[in-house]
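Below are two complexes that have chain A in common, paired first with chain B and then with chain C.
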Partner chain A sequence: MTPKNFRVSSKEIGDTAVIYPQGYLNNVTGESLVQECTEHIEKGTKKIVISFSKTELINSIGISMLLSIIEKLLNTGGELCFTDMSKMLKDTFEMLGLTQYITSFDTEAEALNYLKAVSHP
Partner chain B sequence: MSQELQRILYNLTSLADLGHEVTSEKEFHDRIKSVLYVVMGTFLTNKGAILICEKGSGEFAPVAQKGFAGTDYRKLRTGADIIRTLPKNRPTLFNEKELNTAFAPFPANAASVLTPLWVTDQFIGVFVIGDKFSQEPYTENDLALVSIIATQLAVTLNNYGLFTRLSDQIEENRKLFEDMRRIYHETIQAFAAAIDAKDAYTKNHSHRVAKYSVAIARELGWTEHDLEGIYVAGYLHDVGKLIVSRDVLNKKEILNDKDLRELRSHSILSYTIISKIKFPWRDVLHMIKHHHERVDGRGYPENVPADALSEGVKILTIADSFDAMTSDRPYRNRLSMEETLNELKNCANSQFDGRIVAAFCRVLEKEVRGELPEPNILPHLDQDFDPSVITEMLAAITEELSK
Partner chain C sequence: MPFNCIPAKDFVNRKGEMLHLKRLPELRESHVTGNILLEGAHGSGKTELLKQVYRSIYWEDSPVIPFYYAFKSATLKAGVFAQDYFTQFIRQYISFSAKEPAIVTGRGLPLSRSVPPASAWLLDMMDEFEELRNAGDFYGQLLAALAAPVHAATRRGKPVLIMLDNFQMASRLYEETPGDFSALAGFFESPMSSPLCPHIITGAPESALESIFAENALRGTAERMVLRPLPDDAAHSFFKSFCAKLGIQEDPETSVRFVKFLSCNPLYIKSIARSLWRMHKKEATQRDLWECYSHEVSEGEIALYWSSLFSEAIRNPAIQRIAMRVFRHLVEADGEVAAIERLPMILGVSELEVRETLAALKTAGFLQGRTGYKIPKDPVLLDVMHSLYMQDIEGKYHPERLREMILEKYSAHNRPASCFEMTLLAAPEAELIAAKAFEQIARTMKLNTDIAERIQLALIEACINAMEHSGGIEKKIFLKFYTSPSRLEIAIDSAGHFFDPEAVEDPEVAVKLTSAHKRGWGLKLIQSIMDEVRIERIDDRTRVLLIKHIKHDEVLHDTKKLQG
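So, the complex of A and B:
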């Protein structure tokens, strides 16, 4: 798979949806990530983990997609976790202030552990 | 690296993204949507819209938008005068001035920054972005960046407008050309109808000759442009018969020398009438003047030898003779298909060019076999022949003439 062929998959673990974007999140094909998360949110999922293990690059277009997901989930009172971020991604999210709306973890397992303890009405 | 430096680098990268998107080969609306996403990701807002002001109506239409659901952009028109007075390609903050009218279409506090888009003295539209997700205010640096983006956006939208207007103009010219072309062909057909009306025995002869000629020329690989030329020549080749007396045209007895001279004058008369027209196709006048010449140089009006006759005239000659043989005439009934094909074969390389006869036989064979989706010859014939006999004859003639 080339970085340009952006794809997204997901799985549900308990009450949590884990989303796996794959490829560069730098053009409008990233709308599929928003769409995937929106479908889970509309089904009532309030806990979402996005694993960036296969996403090396994000630009301003990708940031606008993530912001859209953050807004949708926060509006429902949900919780969003980012995991497996490269240092560059982590620095970018911190610099832009996105980290105040999400919780970041090194691994998916840590995020799932954390969310287990979080209860939503 | 300090966060401030990181932020500057991020903004610079966003400008590079913007340049990449506006110059990409994506469809225009996808390009503008990408530009909007770049802007929203740069300023961390979930609301943005890019609108163009339509020339003439003055209505604003969104080219890309996000987060302004339910906004009636038509209301922007009432604030257009105020928007036009704002500095060109400079962002204006909602709380900076009394801009209630300009911001009227947007939900309360949703639109934070409005930038009128201009290219020199052309008002292009409006670029609006919402409040930051963090609710932090837009800084001076942010607004400077918005201004740079707006300038680039205005040029992109203007170029698209120019391109669209040019495309519309081209489309309008194309329709005009098609109308003129249609009128041209209808006029030619009216001419042909006048010839046919004079000679009851040659009803639709010009139409059939045009169709047969096109069929042969297409078999020989002519271009669509040249096919149109021979089609017109087919329609007009007998226009000189308008001057030949009706008595001669419809005479049942053998023509005397005087009658024959008058009848044979029709190809020169056709040429004289048509020579005033400057055709956009090659050889039309030559085809009309010489459609009764023979490859053995014994035709009329000028006994032109084969090497001085164009391929077009050789095609027209066969199309004309084939239709004459398969039609009733005042002095004889039409020939059967077998008789006609034998005549073509016997006259190959004397009256007709053998290579063109072979091409004619090939295309007719394809039509009889049903291999051509739009046959040009077969529909005009009384098909009282055995297809298997005819296809065999055609194949044999083609083979013999190809040796």
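So, the complex of A and C:
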């Protein structure tokens, strides 16, 4: 676990980065989240899991930050998974059309299992 | 008559619209705007707004000459209309110049003797019009009547602000017999294109008005301006002021709930206040209000208003009976499309009769929808139509029975709603305070976690939007939560600018992904969560109103399962 700041934490499992936005996913947490993901992408990580297990609330600015991450990862040909979403989060992402660019799982373990099988050049 | 309007001080929350309309001649001259097509629901106060503009210009030392004309079904024959329009203009012009309102109503001196010496050209115009009338040249009369304000504006070097009310009737102007000539409204093209004569045109329903401007020579000559319903507190002030004048005491909590039920419609509010007075009520208690309401929807001014529109739209009594049955059936079927297909079989009438009846009901504003037929969300109209149905179709109408039916129907509405208020200072993450407060409200309402979280998200978005756009010095936003077992309403007020939600572009994720500007999801989120989102202007504040109808499965019925 790398406690870079109190809003976002992360860990690396093999070639995958697992990131935990905490509390309120707004502009501040969103920027930290983008920064965290960018660092992993720049290091060559192509598999990222964002776990919402520690996310209590979200707003539209937080959602726009998630779009930035999707864009960055799409540009590198990477894979993004969302896990541990509440029903409200799932429905919101579905309604806005985000789910077509990510793969969602109920748990982090399921996402890691899935990504193990995915190979990136 | 343009002077037949409420006192200016009672005309609440339309300052912005008044100012804009009064500035129309100036804006027209500088090519900022054209003519205005003023739209709004039946009874929303369009006529009142025109009359207030008229009166305000009339008594001010204004460089603009006001002219108000309301189309009437009795004067739609072209020659009669031309005479009426021309006479009204001359009367109003002379009245304005002399600041003598009695001239408008035709009291006092004969018209020709009221003409001031400096306006002898008016006498020439009147003589020319008389010659056309004597010659039976109705086209000439029509052209002369419509050109009269343009002529006056040119002679005086002052713009004439022309306000045309009930303009939907212009499509029914005829030459000799009703329906013989449907394009006479096109004669307005010439005066409407005069830069010295900006027009404000209104009427209802919107579809009838818009079709005049879409199908003939008037296409593109007017811009839409929508008169939105009064906000709750303005509607309450309006009701309160009416009651005070009539010597009736009202209880704010009861009245606010009741004017909200009336969709804050000024026509309904005025009618109920007058009904209280006619029934010698000294107080507007809940029971009194519903008693007056029952009377209003069956025999009062509201019933008269809607039933006259109904008879105007459908003149044949046999078709009226079919229309009442069609409407009742659609209400009972909750607007289900398949119900329309079954109508000929159920009612025992031809498909053609059903089609024509549906079209007539839609033209008159009793049904809505760009495509198809939807029942309007106006409980008052539905009750008026139900009462008509009871009287004319069932033959079972009895005032006491209707009153009981209405009291029973709205018993849930009569239960008092709770109200919570809070003020937030626009500061980073202040929206979380509102979200936290809502958590407790959701618990009190026994909302399940899913719906509570969704509403919380909508609330957060509305607060962020209010804080980002709150102008003014105080930088505060004001929240009110109204809760009842079946409804939640959240009002978020700020000094932010008014915006039209229809003008906000719907964001597309594919576009946003490659765009540098990834924000702009707030309104879409709010609209997807709430049942209704209204943006209202209340004097110097903008209000975002979020409404959610609480369904049975969105409430926790076992208190042991309550969250938190």
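As a convention for this text, the second predicted complex is superposed on the first by the 113 of 121 C-alpha atoms of A that agree within 3 Å, B and C clash if a C-alpha of one lies under 4 Å from a C-alpha of the other, contacts with A are read in each partner's own complex, and residues count from 1 in each chain.
The rule is short, and it goes like this: a residue touches a chain if its C-beta (ideal position, glycine included) is under 8 Å from a C-beta of that chain, and two chains touch if they have at least 3 such contacts.
All values reported here derive from a predicted model rather than from experimental measurement.
S.K.: Chain B versus chain C on the shared chain A, clash or fit?
M.R.: On the shared chain A, the partners clash.
S.K.: Considering only touches as defined above, state whether A:59 meets chain B (first), chain C (second), both or neither.
M.R.: both
S.K.: Using the touch definition from the top, say if A:95 reaches chain B (first), chain C (second), both or neither.
M.R.: Both chain B and chain C are touched by A:95.
S.K.: Touch test for A:103: chain B only (first), chain C only (second), both, or neither?
M.R.: It touches nothing on chain B or chain C.
S.K.: Touch test for A:32: chain B only (first), chain C only (second), both, or neither?
M.R.: Neither partner.
S.K.: Running through the overlay: 439-447, 457-465 or 547-555 are the candidate stretches of chain C; which one clashes with chain B?
M.R.: 457-465
S.K.: Go through chain A and flag every residue that touches chain B in one model and chain C in the other.
M.R.: 26, 28, 59-61, 63-65, 67-68, 70-71, 91-92, 95-98, 100-101
S.K.: Could you pull out which chain A residues touch chain C in their complex?
M.R.: By the definition above, chain A touches chain C via 24, 26, 28, 57-61, 63-65, 67-68, 70-71, 74, 86-88, 91-92, 95-98, 100-101.
S.K.: Tell me, which parts of chain A touch chain B in their complex?
M.R.: Listed in rising order, the residues are 26-28, 59-65, 67-68, 70-71, 91-92, 94-98, 100-101.
S.K.: Once bound in the complex, which stretches of chain B touch chain A?
M.R.: It comes out as residues 3, 6-7, 10, 13-14, 17, 30, 33-34, 37-42, 44-46, 66, 133-134.
S.K.: List the residues on chain C that touch chain A in their complex, please.
M.R.: 428-429, 431-432, 435, 450, 453-454, 456-457, 460-461, 464, 508-510, 512-514, 518-522, 524-525, 528
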